[in-house]
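Each of the next two complexes has chain A plus one other chain: chain B in the first, chain C in the second.
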Partner chain A sequence: MENFSYSRPATLRDATAQLGKEHGRVAIIAGGTDLLGEMKDELAAPARLVPVRHLREMQGVRTVGAGLRIGAATPLVDVVENRAVQEQAPLLAMAAVKVGTPAIRNMGTIGGNICQRPRCWYYRNNYPCFKHGGSACFSALGENDFHAILEGGPSFIVHPSDTAPALVALGASARIAGPGGRERIVPLDAFFVTPRQDVRRENVLQPDEILVELQVPNAPAGSRATYVKEMVRETWNFALCSVAAMVTLSNGVVSDVRIVMGGVAPVPYRALKAEAAIRGQRLTETTAAAAGAAAVEGARPLAKNGYKVPLTQATVKRALLSLA
Partner chain B sequence: MAQQVTGQAGQPGGALNVVGRRGPNIDAIDRVTGQAKYTADIELPGMLTARILRSPHAHARVVRIDTSKAEALGGVLSVITYRDAPKVMIWGSRQYVLNDRVRFAGEAVAAVAAVDADTAARALKLISVEYEPLPFVLDPEAALAAGAPQLFEDGNLEGQPRVVNRGDIEQGLKESDHVIARTYRCPTMWSGSLEPHAVVAQWENDRVTLWCSTQSPFRVHANMVAQLGLPDSHIRIIASYVGGGFGTKSAPHVDETIAALLARKARRPVSLRYSREEEILDSNTRFEVKMYIRMGVKKDMTLHALDIRAFINQGAYHTRLGGLGNHATHLYNVPHLRTVQNRVHTNVPNTGPTRGVGDPQECFGLDSAIDEIAVEMGWDPMAFRLKNIKRNGDPIPRAAGGAEDGRLVTQALDRCIEAGASRIEWTRRNQAPNTAQAGPIRRGMGMACTERTGGGGLSGAQVKVFLDGSVIVFYSSTDIGTGSRTTLSMIAAEVLGIPLKSFRTVAGDTEAAPWDGGSQGNRTLQGTGRAVEAAARDALRQILAGAAPLLKATPEELELVGGSIRVKTETARTMTLQQVMERRGRSVVGDGSIAQGQQGTDVERTSAAHFVELDVDTETGKVTVIKYVSVHDVGRPINVTIVENQIEGGTIQGLALTRSEEMRFDPRNGRTLNANFLDLMPPTMMDFDPRAIEAVIIPNEGLAGPFGGKGLGENPCHPGMAAVANAIYNATGIRLREVPFTRGAILRALNDQRPAASRTA
Partner chain C sequence: MKHTVDLTVNGEACSETVEARTLLVHLLRDQLGLTGTHVGCVVGECGACSVLVDGKLVKSCLMLAVQADGRDVTTIEGLSGGAALHPVQEAFVQRFALQCGFCTPGFVMAAHALLCANPDPTEAEIRQVLSSNLCMCTGYVQIVEAVKEAAARLRSCT
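Right after this comes the complex of A and B.
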């Protein structure tokens, strides 16, 4: 690991002032569960770290109007255990508890979780690929068991976050602070970017911006939700595929639905076709299976990840059926 | 061999007071309270921290290496390269500790010792190395093809192919009523332990002490004699507490010599600890095996011909102990047999014998083929095995080879199979794969058998009885988590008639204890255990001789029971051990050194049968173990709790190989892409519910080990892959011939099984 300086900003304004205009020179550190790993593996070598966990406006869960405000630096464990989250946005608690292990959830924050970097083996082994500013994707013709089946190219990473699909399904927005007190609010489905939009980044944050909080509308009254995550082992790994599903039933018919998938695309992938397939239907084996099939429509698997197509299909189907 | 002493409880055939019980490890408290000192806990005044620079190339020549900048860095006390390293191959390997040619990505190229880890890491960056990359090869079959990159002047094949012939294989296949030909593969897999390699080296004049994490202190000792050119007595290896080994620590490595060289150059003690990544890349991992099997049977259900052609990927340097086990030659009766093993060097990281050595791989191939052919013939695979296994009195090779010049004794495999079948209720098994079952879940059962030798070689131990009547057992094999401190103490306690609570052990110290082959290959209990038994008998003889005049009896008239010495026929004439020892005024040291090898025609083996019932989710490819019954012949269990723990742990380790743990290499440069726990994904406690695993011990008594005990450690991880593959077939009708059985492999095979119209790709 390279040497770095560490400064403790007194306020959010101080923090943004320290960030600068260049990606990578200065890094925001929250729980550090991802960033420190990147630094040890020499994927990142920031000259300065700017901690944010102590900033009050970035901490904790509040209810504001018909929704939640979750500070980006709130540890995942606090999100999981928070009463308001459990009642108003249970999908988020279900997803957050699936992150890693208790140690990761104790240290890791929700902001860090949605801003974490990809887990592609080539990226983590510091290959000079697109993500590192190079001009090739090594996984496309190499080891790609765990890569994207949807929206891939030129990089085929999958978005690794468990909370992101849930937040997108809930219709959450990001409050982002820039230098000089500037602020913007970005709906999460516009927060994440595909490799076609920007092959080196996974979201719209500028180098001098900080994700301050997540604004999460309450789940619709009467809605039901689930987060299903398929893994190689039962704990301590990323999703092969995951499904955040939320439905509202009126007279047994799906009147409102959100299906967002993790682990299958470079961004949390909203399965609009699956939503369309199930809207207006009763939740039966047949309709849920049809939604599952619609969810992977357009999938273009690589040499070694074809299994994700039936796996995702089944996971969407089961997630929906569990809500019947 | 142990001499006979009459009248003592711990006699073969006599009543047993200690052996055969349950009980905790005698060092359990020390381990869980952190009082047990592992190598990484050793702190010495002035100790430096070492780090190793490793090659990014799978095969390259080191054209130039410049360490001057590193040496100039403040806080760096020594830097070594191949120029400092002896031109002596490491024991069991073709590797020089440091060399000007590297043969796998991750091989050590240089090393530094500095005042702290950061300085050492910084120094590594200052070493500039110019490599001339060479063509490399990763696949063992490709490595034997004409024009393949050559690792060594004499080619990529290690020695000659190992060939075993019995009968006439082609004739046997021709005579068979049914023949199958199948290919099975186990890739290079991680097989290590939680404690990475660690070593601390300290010189005093021209003597060196090395604390290290090894299973075989005397192998390391012998290697250090060769590497450092020192007299035997100038080296001391201490491997007191070791955090697992699983074979990866059964041979010397580069690390011990590197630490010793750095420490000598720096004139300070040096500590070298591998990171997790280094441990995965450079610790003699489980070797890849590809097996081409042809098998023929007669209609009368007899196995008639077996042909195995195997390619063993030895990795870059490993020479010894690679290859298949003896399943083909020793498990089933088969009149026509041929096995050909090509042990091949490639540019994948070093491999070596890991738990079971080649047995799990061979078992996977052979017991899958057994299952496949039985299914094709419409036979119950268990009945087919029972018909063909070697039983007591059957001819069997005395050594590794084809000629059946011995006779099998003390075998209990038939009883293992029968007990397992009854526990799992084999009669419930699907007659044919479960393809018609409603819903996505398919349940099925499978089984596999295994066998192995135990003990062997030279073992030594000493038993010292102090004036206060307490005892220390000195031995130089190790306790790598197998409970040998406890088991060996129990053996001595049984012989001596001294309560177990009076025992302590000094393990893994080559200065304190006599020569011993180390802890691997089912040998600690069976070999070292016999040496401890002999040493205890020697001590007992001396104690009784010392007590005789005090009790006015002959030694033969005395016995030591419950810590007291008494006249057998007049038990009121008694003195405590402490009284006798204090009157005697000096401690007693009993010595035991034994050599074990095949003698006569009686051949003793250990064996096991594993049965598994599992669910396959045909939509997600997930496999869930419902019940797993591991039935073992261990002879007489010395400590039942320890035996059960070994069986359970080994079973889980075998199951792990079915799930993940494959090392994945980049075909473009030979680097390992997943050398960490997050990407290698070894299972955790959440994956295989220990409550689903039943460890069953078949009552038996062996001949070679102490008190009828047989070695056990390796066996429990042999049958998992085959048993699970067979159960997946029984559940679904898909046959997996390559481990691990990933979601991808299962879903792909299920997809291929469907009628073409309903396939997804």
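Right after this comes the complex of A and C.
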């Protein structure tokens, strides 16, 4: 790993002042579980690291009004174990506990989890792909077993986060700090960007900005939620596909629903067609299967990831049935 | 640029000079001589370098030494009292939970972290925590048995 400078900012304002205008030159480090891996593999070689885990605004879970404010540098374990999260946004706790292993959840943070870089093996092996500034996606015609079936192209990465689909389903927003005390709030469904919008990046964060906190509205009263993650083995892997589902039933009929999928598209993918298919219906084998089919409408699998289409269909169906 | 980090390791305060890129595992092994913490994959996958930081299980190859400034680190050397093995270590010996032994310090630290937080874990909880660590020899069955035995031993002596 190349050496770099490391300076501990006293305040959030000091931290943003250290970032600069160029992607990759300065990196923000919270838990470091993704960043240090990237630096060791020479995918990233920042000249400076700016640690943020100690910054007050970025730590811990608070209840504010009808929602939660979760500091972006809060370790995943603290999100999983937090009583307010369990009660007010249980979907998030269910998703966060599926990240990595206990040791990873002790170190990694929720902000880092949603900002982690892709796991594509070409990207991670430093092929000169779009993500590295090159002019090809090697997975398109290569080994694409784990790549996108929806929203793919020109890059076919999938978004690897478990917490992101849950946060999108909950209608969360990102509070972002820029230089000079500037701030903006971005709803998470506008936070992630597809390769067509920006092939180099996975989100809207500018080089001089820091994701400070996640603002998570309480789950609707009476709603039920689940996070289902399918992996190649039972634990400790990124999702082949995952489904964050939240429904509210009125007299046995779905009155409100959110279905957001991970591992199948370059962004957390809100399955609007599946939501439309199940809204106003009772949750039965037939209606859940129809929602599953609607979830993969428009899917364009590559040569080796066709299995993801029925897998995603079945996972959506199963997630919904578990909420009946 | 060099940095000074002040941390507590196995109950003793120490102050060390490191480069920004020095990993916690290298500080422990190369500067403090605590070679019980092993370096396996160095990318956070195998768990051979597992230690406790502020009581929580972490992979010391995925943490910079500068990130450990002001924190409390426990390594495998901090478990036993002199020549006497810690009950988790005893149980690993009794249950043949190791063959080559390379991964063992990491497994013992993972088991110790679990049992401190949860003295009576279910097998599923044991397996969940051990999913942070890889063993290429044993097939894990005896490791799970050892953790169950360690839990029973620790409960009987409190």
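Methods note: the second predicted complex is superposed on the first by the 324 of 324 C-alpha atoms of A that agree within 3 Å, B and C clash if a C-alpha of one lies under 4 Å from a C-alpha of the other, contacts with A are read in each partner's own complex, and residues count from 1 in each chain.
Convention: a residue touches a chain if its C-beta (ideal position, glycine included) is under 8 Å from a C-beta of that chain, and two chains touch if they have at least 3 such contacts.
Just so you know, these numbers come straight off a predicted model, no measurement behind them.
By the touch criterion defined above, A:102 reaches chain C but does not reach chain B. In the superposed model, A:236 makes contact with both chain B and chain C.
Contacts of A:152 after superposition on the shared chain: neither chain B nor chain C is touched. By the touch criterion stated above, A:6 is placed in contact with chain C alone, chain B being left untouched. When the shared chain is aligned, no partner comes close enough to touch A:90: not chain B, not chain C. By the touch criterion stated above, A:314 is placed in contact with chain B alone, chain C being left untouched.
Using the contact criterion defined above for the overlaid structures, shared-chain residue A:77 touches chain C, although it does not reach chain B. Legend: residue contacts after superposition of the two complexes on their common chain; A:142 is shown touching chain B, with no touch to chain C.
When both complexes are aligned on chain A by C-alpha atoms, chain A residues 1, 235-236 touch chain B in the first and chain C in the second.
Of all residues in chain C, those touching chain A in their complex are 1, 3, 19-21, 23, 42-44, 47, 50, 56-59, 62-64, 66-67, 110, 113, 128-129, 131-132. Residues 121, 440, 619-622, 659-660, 664, 666-668, 671, 673-674, 677-679, 681-684, 686-687, 742-744, 746-748, 751, 760-761 of chain B are the ones touching chain A in the complex.
Chain A meets chain B in the complex at residues 1, 119, 121-122, 124-125, 138, 142-143, 145, 230, 232-237, 240, 301, 304-307, 309-311, 313-315, 317-318. Interface residues of chain A, counted against chain C in their complex, comprise 1-6, 29, 32-33, 36-37, 40-41, 49, 51, 53, 77, 101-104, 106-107, 235-236.
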